[in-house]
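For clarity, chains are labelled A, B, C and D in written order, and residue numbers in each chain start from 1.
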């Protein structure tokens, strides 16, 4: 069993709830403590929850296409709030339209996310990466 | 009523019979006398029929993809046999694969065909062109 | 609870209207009388209700895409591009506007202008305002509907109906439960009574606006009776406010028998409940949504999901079908991908249009099953509301009597858990507090047991997860590997 | 007539074989015993009959593409590319080889080499010869079938079976009537008796080769009973020569009821006639061909035709489906387009696989209709042949008792004229000299009259022409505009 706590949520005005429930289920099954904020989560709510629970990671989902607008600036706010070690993941249908994933990845890495995932990600593999990344940070 | 006689047939080892029956039907309806050789017609059979019937036009169909091989040389043989005024049309799925029609047209024009038609041709329009072309040649 | 399904008085409406129109600057210039004049001047060919009525008469299934981008000119170009390939047009509204975050939408418009491409997932009609929306309507020949997901759609309705849109999707339940998190149901129902009343006022002035409750809800394994109940309640709420042209919707489940039975029962139940409530003078039609859950990424596979939905739409006798695109799994489609979805749909509609799905006792049985489920739940809704359907709906959600699977709204119990049976029909695995008759429940359990046995595993949540992924992984039923 | 459906003696076979093997140089090195050894050494996974038997047991519909190009390495690349997306592999033979024009095929190979791209519409297996064909089989993991259209397929059969192909399509009627012009039917049937005997000899040595009469014939509005009769006759001819694994085929007509009834009746009639003729020890399976007539050019629309065919294949319970591609209307597909056809098919097969088409009296009626038609025609075939099915077949074609619409062969009467009815089922507009029972004929006429009335025009040839174009113009029924 790992001792990881991760904050999970769907950012912005995004109502897509299904993937969120499944992510929760899958991460929990992998022994990760999940603080699930559900859908329509603001950047501040993510950060508050991480601060409160001492989470090592924040997993941001954006499905509805406004990711480019909604996800920008989260890394900066984390730093402002003293979360300088927190692992930031982002995944989903991150941008508007069918775009080359490599391009999308570069865009979100540029925003300070440690890893960027397409909708087809294997959740078990992702959980393993998370464990490694958290271990490497602490 | 026009006084045009046209030889019609599907060239080479090609068995596609449906379009041929419809072309016959459509041209006849437009007042053109059709000498229909059916499927699997050799270049010589086309020419013999044109010579025998005094046809002003030969309509070559190739559907099965071997058009590039089968249709080459017909214009030359027509000239050899004294058919120097005959209008030569070709149509169907003329080459192997889905290729840009403009390319296919250039290829078959290069072989000496007066007009080249894709499978989606409107047969009424084609019959009108035929009447014009025959009139212009005589 | 001050809520009641009763026609809003003119005073109440007017008072509320003044408030609504102040919530964003573009509300200011919108005049109802001007809207009526504008609507009355529209040619018949732009009237949604007329197209539906004609399709109903001819037994034809019309097709309609989803489409919306941030900027007006681009939006017009998009719709003009799609127009020749469909019967009915949409304007799909962006997600910020849906939540009345007009400043955010403004930011999206500005960033889209800068980026030279739409960064919004829809058309921000409120931000663009009346005149710009009229430009959209005027650029098109076919009827245009507002399609969204807005719990408070009052301002959006005022602007778009005055602008000549002739159909309005949504409802107080169907645009809350799947689309919002913390909006009290009572509030969204009240706000939609306003929208319905607005449509009713147009109707009274001779302008027929089509109203379409959003059928598919969360789009994910929703059992037909669940969405039917919501559709019927929203139909009743709309009729009460004077709406006269109602389209009830359903999202494809994937099992032939269930899908055909669903549209048939939806139509019959609609009439049953509407007439029982004393409404006679209305036009009813149905809409079938091509598969609303997760799509396969592979476009060839997506085409098959689209085609199958089209076939079922036509065979079930739905009045229209809402069309997906081969880009569904990836993102907002390009206009070309959107047209491809329409072309695929048209081909299949045309190939089955004249065919009659053979009469079968198996289908009749499924129709009866759905009807019994709906009647049981609706009886409880009326009971909880002491005869008032609005109050009943709110209390039914509170009590878990109405329960939509996988919905984000906190006012939804989320106890009902669906799963596919061995032939792929959506059945009830955990009923929560939904009052289905015992024998009906036993039937569901039996059907699920059949599958569990075939798969040699107990029907646990993993089975549901597998079903959620199934179609995107090129299956209907999520079998274990 | 020296023709007779009777197992060829070993002497007759050997004598004929020597001649056959001399018709092209690549015939020389081919040794039957070596072929048997090679076949016996193949793993079970490459055996076509095993894959079919497994599918039959599991009630699964397998999918198979068409594919063939001029050069061996390219052909291997093509099949390897498709292999992960399908269950069964083909090698589609080019049209010169089909007509034994091996010099022409050689020219095609040479020109293809020069052009750097295939200029042949298939794989010229005879020209490439035994060793090269074995390279194909060895490069693949799944079973490979020879698919062609060859009236005299003796040499092709000797080479490809010795090379390890485990299934052989065709038949003396189905590979003559739609594929040739002047080949006497008696001759092609005799030549196919040779092929069947060859398969029988392999069978006797423990090597099961699947034999599949070509179901769709001209692919254009062929009424089910017509292709069923041909399929059954060719099945009987093959069984007589010792073949034991038979797949009967049918090309999609487009009407649900008719297509489902067609596969059901085909299977039942197959058993009925085979058992009546005294055969018991055989494996029977069925193949459904996605729409074999003209396709729409628009690829999105083509996808829907493909999807609809896949749905019907699975729902009708066919053992395998032959898959079209989005390039169908244009030309030989690229390998990518070919894979797209397979992916679309797989998605739909998987989505309906577990579903049972609801039992319906309407389908039962159609099954009965087809059975009565087939029995009436087959009775006449046997009568004309004095009990011999080979002789009967030849005489039946002479007499117009068997008559395939739109076929090029001069030995085919071409008097029977089909047309769609008001629901799109293929009916008989002019029966020619086909001996259908009077009440059956009256039923066809009545169904057509229904349509004629709906269209306000007489059922003349233009209606047939409109039907031929219909699917390529995005309709099932060719209605007047």
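What we mean here is this: a residue touches a chain if its C-beta (ideal position, glycine included) is under 8 Å from a C-beta of that chain, and two chains touch if they have at least 3 such contacts.
Chain identities (UniProt): A, B = Glutamate mutase sigma subunit; C, D = Glutamate mutase epsilon subunit.
Bear in mind that the values here come from a model prediction, so they are computed numbers and not experimental data.
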Checklist entry - If we look at chain A and chain B, which chains touch each of them? => result none
Item to check | Rounded Å distance, chain B centre to chain C centre (Cα mean) | outcome: 54
Checklist entry - Taking each chain's centre as the mean of its CA atoms, how far is chain C from chain D in angstrom? => result 45
Checklist outcome for this item: Cα centroid separation, chain A vs chain C, in Å, comes to 30
Checklist entry - Multi-chain contacts in chain A: which residues touch at least two other chains? => result none
Checklist entry - Looking at which chains touch which, would you call it a line, ring, star, complete or other? => result line
Next on the checklist: Show me, using the given definition of touch, all chain pairs that touch one another.
Outcome noted: A-C, B-D, C-D
Item to check | chain C partner contacts - residues on chain A that touch it in the complex | outcome: 12-18, 21-22, 25, 38-40, 64-66, 68-69, 93, 95-99, 119-120
Item to check | Of chain D, residues touching chain C in the complex | outcome: 254-257, 296, 298-301, 303-308, 310-311, 315, 326, 339-348, 350-363, 422-424, 471, 474-477
Item to check | Contact footprint of chain A on chain C as seen in their complex | outcome: 95-96, 98-99, 101, 104, 107-108, 111, 117-121, 149, 178-182, 218, 220, 293-294, 297, 327, 329-334, 337, 406-408, 461, 465, 468
